[in-house]
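Right, one structure below, let's go through it.
To keep things simple, chains are lettered A, B, C and D as they appear, and every chain counts its residues starting from 1.
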Amino acid sequence: MQPADLEQALRPRLGEHLLGVEPFEGTAGKVRFDRSAAVATFRALHDELGFTHLAMIGGIDWVAHREVVYTLWSDAAKQYVFLSTTVPADDAHVESASGVWPSANWHEREAWEMVDITFDHHPDLRHLLMPDGYAFHPLLRSFKLHEPEELEVKVRHV
Amino acid sequence: MSEMWINMGPQHPMTHGLWNLRVRIEGELIRDVDPEMGYLHRGIEKISEDRHYNEVITLMDRCCYVAGLAWEHLYIRAAEQALHVDPPERAEYLRVLCDEFQRLGSHLMWYAAFVQDLGLMSPFLYGMRDRDLVLDLFQSYTGARMTYEYMRVGGVRNDLPPGFTASARKVLDWLSDRFREYDQLCLGSTIFRKRCDGLGVLKGPDAVHHGVTGPMLRSAGVKRDLRKDRPYAVYGQLDFDVAFADGADVTARYLVRMEEMRQSVRLLRQVLDWLDRHPGPVIAEHLPRWLGAPYAPIGLEGYLLKRNYPKGVGFSAVEEPHGEALAYVVNEGGEHPYRVKFRSPVFANLSAARTYLVGYHVADIPPIMGSVDVCVGEVDR
Amino acid sequence: MTEEGAPGAGTTTEENPVLYVARPMATAARQFVKSLVRPSTIVYPYERLEDPRFRTEVAVASGRPIGVGQVWDNYRGVHALNIATCISCNLCAFSCPDLCIEMVTVPGPDPKKPKKCPQIDYGKCSYCGFCSDACPEGCLTMTTRYELSTPRRAEMVYSPQRLFDVFRSKLPMNPIRLERPENEDRILLDPPLCIGCNACARDCPTQCITMVDVPKTDPKPGQKPAKRIWKEPVVNDSDCVRCGTCISVCPKECLFWGGPP
Amino acid sequence: MSSATLYSVSYDLSHTLLFALGGLIGGPLGRLLENGDLVTGIGVLVFAALLLAASMLNTIVLIWYERKLLGRFMDRRGAMHVGYAGLLQNFADGLKLFRKHTTRPREADEVGFYFGPTAYLVTSLMIFGILPISTGWNSGPMPLSLLLALVIFSFAPLFIFVSAWSSNNKYSLMGGLRSAAQMIAYEVPLLLAVVAVVVVAGSFSLTTIVYEQQNYWFWGPLIVALIVFVAAMLAEMERIPFDLPEAEAELVEGWNTEYGGMLFAFFMLADYLRALVGSILIVLLFLGGWTLPTWLPGSLTAWPLAGIFWFMVKTYLVFGLFVWIRASLPRVRTDQLLRVGWNRMIPLALLSVFLAAALVTVRCVPVFGCVPSPGA
């Protein structure tokens, strides 16, 4: 599958929400989409193109905006594809993919606590690796290493 | 008895690492589970943003203590793509050698821990004993038994010592004999079969849906192996079969891992033959040496930005012993990676815990989680 | 095998249960008889893995099922420092990912020019070997010593003298030496900025910088030509170890890295 | 056989000591020492001390034996530093445990927390006083000694449950419940297997049962009962493959999770004491006790203490079998264990009782080189 194929398959379903398909070495391409059409994009890739395996969701902080990169795998095409959407830093939220791929659950929890990207309609958006009540987002560029920080940890009793 | 939550971890014999499996039980039946991670979180992705490309390798070994070289390989491939570097072929073969020996070591460690969870005491030590030979081999060419720091951007640190391939072949012969013994002790035991058959069932479609990869997925009949489906390094030139089973239960995972070890032996014999016949450089010749040691003018901030080194994004996918591991390295032209993101296979395998644990007994948790082969270092990173 | 509520399926096999209990017991008994003669363990404080007899193929007699040759040759343990050949280039400290190397002053041959040698904090060291790879003179190497336990944390810090003691104890050293790359970066000079202060040549650990006389007529455009002879550093690239000391001491920042990317 | 028994030796010792002391002191005080009741009392104390010393010593050696055996099964050496071949290792471990501070969780029930392990150890020790080891090491004629031993043996689940409940820990509680369920489930086949032996031997006295085996050991004719007995004994001793109550993989340490120091040592000692008792019972009931087959030369048993020697050899061999099982079999699951106990073991035990009855009826016993006994 080539970037052109992807564009051809996705354009009718997404229209202008598809911002472009860039080639990416070693994958079928990097699909850039508008976050308002997130679920439609997920559905299109999952149902139509057979990308049934969501491998990874990573957030990148580009200071001015943040990028969410989804890595998908298709068993039929035996190829990876990247989905990418950008969100502004002051309004960082995107629709959750966990309705389409259940495996998104933990990846989104991690992206939320690390890069501060909120995933709407996520079933269980709470801290995964960091302690509950942790007020920082460590993988933001503004979070500097070697700086003392105040850490307040709430202990949960069961 | 009414329901209650129990915390299995973070200090618990079942966990094999620092994590907490919260289990809601009714009598001895599991009603719900909630894995709690993060006890081993060291912020490797964050620290990587503050390190030179080669210095990140020291962190990769700490990702997973049983599969350090596989993680090095994973990171190195992504970093090389981000930095536009091509390793020589011999280095690729050496990396495959590392990968496959690491798979052997990791699966032997898994075997030891898994049978220990079942209460089998002596095979635990047999597994550890035989893994020690693999560690000996690692020590003889990387210089360490667990934290190898062997690969470098553009190749590997050093070539094999003389006589290595002969020793390695002997180890492979010894291990091939041991696999039969392992099967006698496990599959040959009624109690083992009764404990493992039909346990922790995770059917193929569910597994794909929940992002489960590696031996857990292949035990459910899905033949997905990145070494075959998306050959990286030199796997395309090597002859091997993908191990898979249909049972989707603990026994099936056992069978898949044992078969994978046999296939690793088969792969390693081919790799050793190739290495014997093809001497050559192990690190790229035209390599920008600011990349790290040796003789690197590293530590001087802003040096690379002045040089206008081309930017790039690297992505690599490696079939780690636990499953599909991905790395995503963003090079923004600095001497540090701008962003490093890893996908740990165990992370996804654990996130599906509810699907394969609920409905079984408390006593089934150790074998099921043992068959998942949890390595917390790479989950928490 | 599962209770209600558990999803079914899975591998099933049924064979003779008596035989199936007997088979693992027979395997264990075989192992028992074998290890009665000699178990695989090496009795650590009395026998040591780095003994020569474990280094080559002593096979069955040593307890190991097979000897793996040359296990210890490349081992990365405690460092050995040859103070005599150390040139104080700072590369080891630069290359350390854990920041555990500190350059401390040791008495050198010339009392006016104190020598700086690495001091290693083994509480932090990860034994990655980058420092010994980076050492241009081969004076910082790694040995097979691995016993570091001590009751006090301060004792984990090895001064250059202690590292030199390790060197003198004649332990097997890591023999791996990495080749210098061909297309390495070089120290380049931005001539108009140079004031000829001699700081780089003075501090160069390998003495590869010489100050040569350069007639410098026009130090800055539009200014009055200088009367005197200027001196400029010239770097001998074959001796240079690329430590960057000259760059860091240059008061005018006129030295920089250059060469092929 | 000589008539000197352990108790008579203790009594003689006490008698000699007190009379010598009384003669030395003289006067009314001396006569007070020569009182018969006092002699008996001191004799009992000496008897108890000897028993305690012997059982504890045996337990500790048994632990050492298991560690060494397991070591070889696992391709290693076991304890080897303290003393010759690590013989003193367990004393060192015991000393360490003894010196440790006993901690009790704040929420734990104080009485139960201390009472549980103590009673567990004491009852386990009591059985040892009943079991005859040889003609000399014998607590005299007790017509129901087997029954008494088994009764005391079956106290254990109660105390385990008390200590598990009072630890106030979920793992302890689960371990205690499992322990109770398991011991009760296997108590029945255990007793039924014993019934088979009793039917053949015609007596509840352990000494008589051993004498009945002088011509042929019961393991051959009562092989079904032996299998049931060994399996049930494994469950009662809570050893792999039936060590569910303290299955460390899922329950940390089961019902003794919260115990440390000397209280843990109590559990440990009592566990091994019970293992020792189990092995001894198997030797007594099925392997001819301190006797040897008649086709062996009589000189093997002609020397003093030969009975105790052969008895201990057999006991340790039986225990070696348990270690072998531990080294090669995985742990079963609770429901499987209980299902096997109720559905397989009890029918098997009943079958063994019927077989024993049939044997007694037809008086025709297939024996290994022995003649049929007329006194069965």
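Following the convention adopted for this analysis, a contact is a pair of C-beta atoms (placed from the backbone, for glycine too) under 8 Å apart; a residue touches a chain by one contact, two chains touch by 3 or more.
Given the structure is predicted, the values throughout are model-derived calculations rather than measurements.
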item	value
Chain labels contacting chain A and also chain D	B
Between C-D and B-D, the pair joined by more C-beta contacts	B-D
Chain closest to the middle [Cα centroid of all protein chains]	B
Mean-CA-position distance for chain D and chain B (Å)	48
Between chain D and chain C, distance of the C-alpha-averaged centres to the nearest whole Å	60
Euclidean distance of C-alpha centroids - chain A vs chain B, Å	24
Distance from the mean Cα position of chain C to that of chain A, given in whole angstrom	39
Where chain B touches two or more other chains at once, by residue number	122, 126, 129, 185, 189, 191-192, 194, 361
Numbers and ranges of chain D residues touching at least 2 other chains	73-76, 327-329, 335-336
Chain C: positions in contact with at least two other chains	1, 3, 21, 24, 27-28, 31, 40
Inter-chain touch pairs (all)	A-B, B-C, B-D, C-D
Interface residues, chain D side, partner chain B - complex	70, 73-76, 170-171, 174, 240-241, 243-244, 247-252, 326-336
Contact set on chain B toward chain C in their complex	29, 51-52, 54-55, 57-58, 122, 126, 129, 133, 136-137, 139-144, 147, 149, 157-158, 161-164, 166-167, 170-171, 174, 181, 184-186, 188-194, 196-199, 201, 203, 245-249, 251-252, 255, 285-290, 292-300, 303, 306-307, 309, 358-361
Partner chain B, residues of chain C touching it in the complex	1-3, 5-13, 15, 17, 20-21, 23-24, 26-28, 31, 40, 57, 64-76, 91, 93-95, 97-98, 126-131, 133-134, 136, 142, 174, 176, 178, 180-185, 241-244, 247-248, 256-257, 260-261
Complex contacts: residues of chain B adjacent to chain A	5, 7, 22, 37-38, 41, 43, 45-47, 50, 81, 208-213, 222, 224, 229-230, 313, 315-317, 324, 326, 328, 330, 338-339, 341, 343, 347-348, 350-352, 380-381
Residues of chain C that touch chain D when the two form their complex	1, 3, 21, 24-25, 27-29, 31-32, 34-36, 39-41, 43
